[in-house]
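Across the two complexes that follow, chain A remains constant while its partner is chain B and subsequently chain C.
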Partner chain A sequence: MHVLIAVASLGGFALIAGLLLSLAQKKFRVEGDPMVEKIDAVLPQTQCGQCGYPGCKPYAEAVARGEADINHCVPGGERTMHQLADLMGVEPKPLAEEPTAPMVAFIREDDCIGCTLCIKACPVDAIVGAPKQYHTVIADYCTGCTLCVEPCPVDCIDMLLKPELIEHWAWPLPETERARIGRERKGSHARAA
Partner chain B sequence: MPALLKRLGQVLGWMPAGFFGGIEVPDRKLTAHEPIRECPVPDVLILPMKQHIGEQCHPCVHIGDHVLKGQKIAATEGYMAAPVHAPVAGKVVKIEEHRIAHPSGLGLPCIFIEPDGSDGEHRYEPWADWETRDPAELRERVRECGIVGLGGAVFPTFIKLVRDQHHPINTLILNGIECEPYLTTDHRLMLEHADEIVRGLSILRYMVGARECVIAIEDNKQDAVEVMRQAVVRASLTGVRVIAMPTRYPQGSEKQLIESITGKQVPAGKLPVHIGVLCQNVATARAVYHAIEHGRALTERVVTVSGEAMPRPGNLRIPFGAPVRFVLAQCGLEDLDGVHVLHGGPMMGERLRSVDVPVVKATNGLLALHEEQIHGLNAEEQPCIHCGHCGEVCPIRLVPNLLADHCRNDAFERAEAYQLFDCIECGCCSYVCPSSIPLVHYFRYGKGQLAQIRRAETFAEESRRRSEARERRLAREREAKQARRRARKASTPAQAEDGEG
Partner chain C sequence: MQSLYFRAMGEFLLIIVSAVLVNNYVLTKFLGICPFLGVSSKLETAVGMSFAVMFVMTLASTASWLVQTFILEPFDLMFLQTIFFILIIASLVQFIEMLIHKTSPVLYQALGIFLPLITTNCAVLGVALLNVQQGQGFFASVLYGFGAAVGFALVLVLFAGLRERLSYAPVPDAFRGAPVALVTAGMMSLAFMGFSGLVKF
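And then the complex of A and B:
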């Protein structure tokens, strides 16, 4: 008799717990891979493809699968690499390529023939224009990815250095020995690891 | 016992409560007894399109235009901005980028005016009857006249002059503290133009409906306290107190002064209006008086030109746009070899990289110092010995040594968690640090980096949004194309059969 009670009560508990678990699984179901979202969130969204993948999201997916290394985001630089290392739980690595200065595309309107090929190439819709009309780059939206340069049949797109604005200027580190040592240590840490 | 009495006095409001931290600095007011003198008009005036905190202005005159003194030459587009006016009558000779007094050494678009020596002046309608007018109308005038806080922060004044039912202003504080060493502009203004300042106070008080007014002056300017008291009596105002505060740096900082007088702290991220206080500099009050009662725009200011390396120091009334090199020459300083020129006071001002920059609304002082007068100029930063002096003097009660460590190590998020953005950059911590750590410089570095990170994050977010929108659009277009193709396929076989048949 005692055995039966024990079996029945434990079995009942197991059944209830199982029901709760299955309900919880339905209710708190996670769509997609949260890791991909987290990685995508720290990428600079230039969609430039310099990492070898066709955009930030595909690179994030490759990193999450463990296919791609964490050090291939050129515009993100050191900071993004460190954030990816934190997310993936791996050691920081030296960057695969040196980061470049921020650029912005500029269309020489005198040469533009209005072919719309650059508009189609722009991953962030930063070029305006219509067939047989001059095109122009919205400088504030341009991520400097250079994807528009290649398709242009008349080579009228220049990549210019992003102008330095006084409002966006930031103080550099003080020029003291200690600040310099700290800087070097940080740099060597990233390179040596 | 005296401490207890003092505390009692503070609680009952007989005595100023004082503020936390701060330091005593040698005041070196070399020009306290120099009457304000007129600075001659230079050959060309250079007017930057942004002389305030906020958005840049846009020129509303063209090259070759003749402008009158006080005529608006640059208009605002955004809310947080103050227009720029021509300081003299003359001709607009060019509009181009020119270096300004900024640590970056970068420039801003500037309007260049060549004075023609005529005395044509544009004035708004003088309103001696301001008491009968709507405060909103007066506020619009203050905005139109380009008035900004002249204590050095250059915050557009009209923004503060609101009557908000949720935050009524009880106390209006007129800031005549001038706690920075060397500077004596507010001091001289109070001595020479006390009545105008008091008129300005009345206008401000009317605009915000403040019950109580306090004119706060540090006790190293007893003569100014006396003169202002007499001016208040002459104007037969009630509810206006002139109080002498114990001298302590940085008492002139808005939040510190409010804490000192009312005993209340402005919460982090809030404004004085949220605790029912409005604070204005004495020079700003005078500018408001000129704007309302004389219809005069802000086109000049008093600047202390001083320092041990200045041959003839003084307080000069200078039109905006006058090149600093020209102003220094007026005070006998032409050979700048081995001399450091500071824009602003010695505690919060910036060392100028070049003296070919114009005097602007923010210029409260121009100091020429010899190398040995600059504290810790060549001192090498030593490791922190954790003496805690920086924390004792920080008026915001931050932990400067930890903050500096976080900034140096690029741990910006952690620095932010230690309230980096509450730092007012008063320089007390750097001043007392026995290890000569340039603390404020580290904070500025940290703030700048954080601002850049935030900007990059916002930009990335917007880029993501646009890129995703584009993906969706392309998918939609593909879908539509396929649908068309399917529709064609469905109709073509029938036609084909018809053709064959």
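And then the complex of A and C:
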């Protein structure tokens, strides 16, 4: 008898707990992986593929699964890497590729044959043109991802340094030890916020 | 009547102080060291973990008191104590895991494996068992569970803060990481031992 009570009480308690948990499971169901959405929101959405994945969403999925490192987003640079490190709860690490000066694609119109291949390659629709017409790059929209260089059959696309515009220019900071510490602190505050 | 009320309040306050400082589960009873070292490298994660443990510990000590009084004692089933309490704790942890996954995916990611590991956190089971052994009333048990959880949270947050500072300190190479964390934990434990005798409980 004593054993029966023991089995019944433990079994009954486990049953009730299981029922409550299954109800909770229904109520708190999570659609998809919310981490992917959060990571995707941080990425610059240039769909440039320089991380080795076919776009920002696939890279976000790979980071959320822990397959990809956080430091492969070239257009996002250091800032995106720090945001990803915060989201994933891992230590920031240096970018996989050396940050380069901002580049912009330029089409030499004399050589362009109007094949539209670069238009199809451009992830941000920054190239305008029509078949058998000259194409050109809208420099403001170009992210410098170099994806259009490869498909061009006549090699008429050059990557140029992005010209420094007056609205982006700022006084360069003095290169002193104090300035370096200040910049580091500013960076760590931005990360903490 | 009034003096009775004050005496009850004083007793509850004593229970809280005793559970938070004097009988701190991490630093004087050395239970729950795993999350104490595992989740304390970042302050934000430590705070999230503290709240999760607080929730689980308080509810676990409440539920274990109820189970003890209304199931185990009347039917003379004391030998089922451990398995019952583990069942309670495991269900609570499952529940809070769902809750955190839904409400804060970032915290869910940061806590990672340590969230399901609250199930096997000996501090939670320790609170439930010791609570029942002391044979207190219902409110005293709930308060004791809550106080123990606050103590765990306090120590975890303090330790996370120390470790964040330590990562910028010029620590010798051989001591970097786990060794200096353990030395720090030992010093904190010495400091908390200083509270013993503050409250006799």
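Operating definition for what follows: the second predicted complex is superposed on the first by the 142 of 193 C-alpha atoms of A that agree within 3 Å, B and C clash if a C-alpha of one lies under 4 Å from a C-alpha of the other, contacts with A are read in each partner's own complex, and residues count from 1 in each chain.
Everything below uses one rule, namely that contacts are C-beta pairs under 8 Å (C-beta built on N, C-alpha and C of every residue); 3 or more make two chains touch, one makes a residue touch a chain.
What you are looking at is a predicted structure, and each value in this text was computed from that prediction instead of being measured.
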Which superposed partner A:5 touches (first chain B, second chain C, both, neither): second
Partner touching more residues of chain A, whether chain B or chain C: B
Which superposed partner A:178 touches (first chain B, second chain C, both, neither): first
Which of chain B and chain C A:71 touches, first, second, both or neither: neither
Contacts of A:79 with chain B and chain C, given as first, second, both or neither: first
Partner chain in contact with A:50 - chain B first, chain C second, else both or neither: neither
Partner chain(s) touched by A:89 [first = chain B, second = chain C, both, neither]: second
Of all residues in chain C, those that touch chain A in their complex: 42, 45, 67, 71, 75-77, 80, 83-84, 87-88, 91, 94-95, 98-99, 101-102, 105-106, 108-110, 112
Sites on chain A touched by chain C in the complex: 2, 5-6, 9-10, 13-14, 17-18, 20-21, 24-25, 28-30, 33-35, 38, 87-89
Touch list for chain B against partner chain A, complex: 100, 102-104, 106-108, 380-383, 408-410, 438, 441-442, 444-445, 447-449, 451-453, 455-456, 459-464, 466-467, 469-470
Chain B-facing residues of chain A, complex: 40, 43-47, 55-56, 79, 123-126, 141, 143, 164-166, 168-174, 176-179, 182, 186
